[in-house]
Amino acid sequence: MDNLPTNQSINRDVGVAALFIAALRRDLMLSLRRKSELVNPLIFFLMVITLFPLGVSPEPGFLAQLAPGVLWVSALLATLLSMDSLFRSDFDDGSLEQLLLSPQPLFIVVLAKIAAHWMMTGLALTLVAPLIGVMLFLPSEGMPGLMLSLLLGTPTLSLVGAIGAALTVGLRKGGVLISLLVLPLYIPVLIFGTGAVQAAVTGLPIGGYLALLGALLALGITLAPLAVAAALRISVSG
Amino acid sequence: MAKAEKKWLPRWFYQLASPRWCYQICGKLLPGFSLVTLVLLLGGTLWALLFAPADYQQGNSFRIIYLHVPSAILAQSCYMLMAVAGAIGLIWKMKVADMVAKSCAPIGASLAVLALLTGAIWGKPTWGSWWVWDARLTSMLILFFLYLGVMALNSAIESESTAAQSTAVLALVGLVNIPIIKYSVEWWNTLHQPATFKLTEKPAMPAEMWMPLLVMVIGFYTFFAVALMLRLRNEILRRERRSGWVKELLLVK
Amino acid sequence: MSEVLLRVEKLFCERDDRVLFDGLSFSVDSGEIVQIEGANGSGKTTLLRILSGLSRNYEGDIFWREEPVEQARDRYCRELLYFGHQPGVKALLSAEENLRWYCALSPSLDPSRIRAALAEVGLSGFEDVPCHTLSAGQHRRVSLARLYLSDAPLWILDEPFTAIDKRGVAAKEALIGRHIARGGSVILTTHQDLQGSGAVRRINLDKQMEPNG
Amino acid sequence: MSFNSFSEFLSMGGHGLYVWLSYALGLIVILANLVLPLQAGKRLKQSLARRIHREAKRS
């Protein structure tokens, strides 16, 4: 009978980059195979936007003024809506336990999962946003500001939302709670995001806003996965 | 590693870690703190209402500052204490720190409500409406939301230790966010209503005005200590209900 | 050649106002099977979750190769295979994709043996079928295939034989026997009696909690 | 003393409603923070004592 290989001889560690890519691929594959989850946030986004002209006024000038805020608030809510599922299925089927028991850095896997989530929600929202901007009579000068601010802002939303998702993953009724936890934390992104769109509409430089959104994103990328990893360990432990 | 670290910390740190010691010391401190609180708050209020001069612009409605500012300061300090206590509980697995963090949340939330209400009332004679999206008031509102989130999470999780740890993580995330929120809200405020009249940003307050304010702030801090100790004692009893000393304590009565 | 792998000292855990175990001490040597017994709700799963490092709601000390497990966390994770209540199999991924992911997560699993392992658990031909078309028992078998890939010395198995037929159980027992023979050790819970796997040490959580027992 | 008479003190130069409302709210919040934990503590001690007696009887 062959003996167990000693610890030193087990040398199959995949590198950090390979691990990140493997985790990203796995999560993208999972969401692509479940089409409904992919389109649900987009449909929600579209529906909420439709409510505003119906509820407030269809008058173009008025809507154009409202558009930056409405677009950003809807994008924020759509992201929030999809957040709960980030770790939920992994928790339910036991893959989360296996993930926590891995000697590989949890930080990397968490970051990959969030990146995959963002590609399926934030990035998709960014891509359809100009279309919806047109429906709300957002002036065409505002479009670059809208796209760029969403591109920089939505990853931060996913990162912060993931903290809420990790904290509530062990709870049956996590859905509403997650919004309570996360919405106040979304406020800075909302302020700078709408600020960028409004500045772009009025022809002011938007570099400052984008820089701030970028700074928030950088902070989020470095700190949020740590908080998520800690929160996951706590939630699974309980 | 944990054991090696322990030697570096002062002795009182470990005594604090003992719920029993903490319960007893709180019991000893409470009467003194209560007395000081009573004197400070009563004296401060009388000073503020009777002797402090009226503001030349706002008249007597200015006297609301003596409640608004201390409660706003306390609401923020309380959040900080909650997050720090939570972090200590997370790192050193110190039960008492968890209990302090849990006891902080309702007190802080109530003080945030007081700051919001007094701010709103103050806004009526100053701006002519009950609510104005002033930067300070808006930040305070968001702080209140953060408190609500912490309390909601804490009550949603059944296991006490898991609840304490999860809440601590959330409070720490909130603590990192508070400066960002404050900064962004201030930016947003100047963007939308430039150079409006600010409630509490006065150039130089004369001594007759800020002295009672100082008394009130200190009074609120001691009041907070009293309220915290009351809640902490309850929490210690509840969490330690199966330990021998609690049983003895309750059987004696 | 037997060496102490895992040592547990004065483990205490309570849940929902109930003490599950108090002062529980034991050690697991290499080449040893330890079976955790007890009635339902006696804390078997909780104990396994604590031993694996998933749950940290306990008091007491756990040592891995005589090093406190908190410090040896990285080494311990490398040398541990945990099979939990939920199989940890993604329904939307195929069996092979599931196993490839686990190989990326833990270096003690050998990806070159995936096909062979799936054949061993009777799933050859199902490698690239999405797992949601498989039955619950097959799900567990996908997860159990990890045992055939594993070079980890310590296996912690929570009810590994549920939803598996007799022949499958015999094969798993043979596998455990081989693992023991090459110097590995196993901690498991099961309702079945282990047969032919040599010496099995039993730890009964019910007896442990009897007064003065 | 900034006021000459008690009625002047009450009216607060026309801002009486706001000032007194604020101070009333302040009083309520402060008292609530003291009374509620005291009550809760009392109830907690009673229920814990009952429980201990129950357990003592049973064993």
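Read from first to last, the chains carry the letters A, B, C and D; within each, the first residue is number 1.
Convention: contacts are C-beta pairs under 8 Å (C-beta built on N, C-alpha and C of every residue); 3 or more make two chains touch, one makes a residue touch a chain.
Quick caveat, the model's predicted, so the values are computed rather than measured.
S.K.: Of all the chains shown, whose C-alpha centre falls nearest the centre of every protein C-alpha atom combined?
M.R.: Central chain: A.
S.K.: Using mean Cα positions as chain centres, tell me which chain lies farthest from subunit B.
M.R.: C
S.K.: Across the interfaces A-C and B-C, which one involves more C-beta pairs in contact?
M.R.: Between the two chain pairs, A-C has more contacting C-beta pairs.
S.K.: Rounded to a whole Å, what is the gap between the Cα centroids of subunit A and subunit C?
M.R.: Their C-alpha centroids are separated by 35 Å.
S.K.: Quick one: subunit B and subunit C, Cα centre-to-centre, how many Å?
M.R.: Here subunit B and subunit C have centroids separated by 47 Å.
S.K.: In whole angstrom, what separates the CA-based centres of subunit A and subunit D?
M.R.: Going by mean C-alpha positions, subunit A sits 44 Å from subunit D.
S.K.: Taking each chain's centre as the mean position of its Cα atoms, how many Å separate subunit C from subunit D?
M.R.: Subunit C and subunit D have C-alpha centres separated by 56 Å.
S.K.: Which subunit C residues reach two or more other chains?
M.R.: Expected reply: 57.
S.K.: Give me the residue numbers in subunit B that touch at least two other chains, ranges are fine.
M.R.: Answer for subunit B, listing residues that touch two or more other chains: 159, 161-162.
S.K.: Of all residues in subunit A, which are in touch with two or more distinct other chains?
M.R.: Touching at least two other chains: 237-238.
S.K.: Please give all chain pairs that are in touch with each other.
M.R.: After working through each pair, the chains in contact turn out to be A-B, A-C, B-C, B-D.
S.K.: Subunit B touches which residues of subunit C in the complex?
M.R.: Subunit C reaches subunit B through residues 15, 17, 57, 68, 70-71.
S.K.: Which stretch or stretches of subunit A touch subunit C in the complex?
M.R.: Where subunit A meets subunit C, its residues are 1-5, 7, 10-14, 18-19, 22-23, 26, 29-30, 33-34, 89, 92-95, 97-104, 109, 233, 236-238.
S.K.: Using the touch definition up top, name the residues of subunit C that touch subunit A in the complex.
M.R.: 52-57, 74-75, 77-80, 82, 84-93, 97, 100-111, 130, 151, 153, 178, 181-184
S.K.: Name, in rising order, each residue of subunit A that touches subunit B in their complex.
M.R.: 160, 163, 167-168, 170-171, 173, 177, 180-185, 187-188, 191-192, 195, 216, 219, 223, 227, 230-231, 234-235, 237-238
S.K.: Which residues, counting only subunit D, touch subunit B once they are in their complex?
M.R.: Answer in residue numbers: 1-3, 9, 12-16, 18-19, 21-23, 25-26, 29-30, 32-34, 37-38, 40-41, 44-45, 48-49, 51-52.
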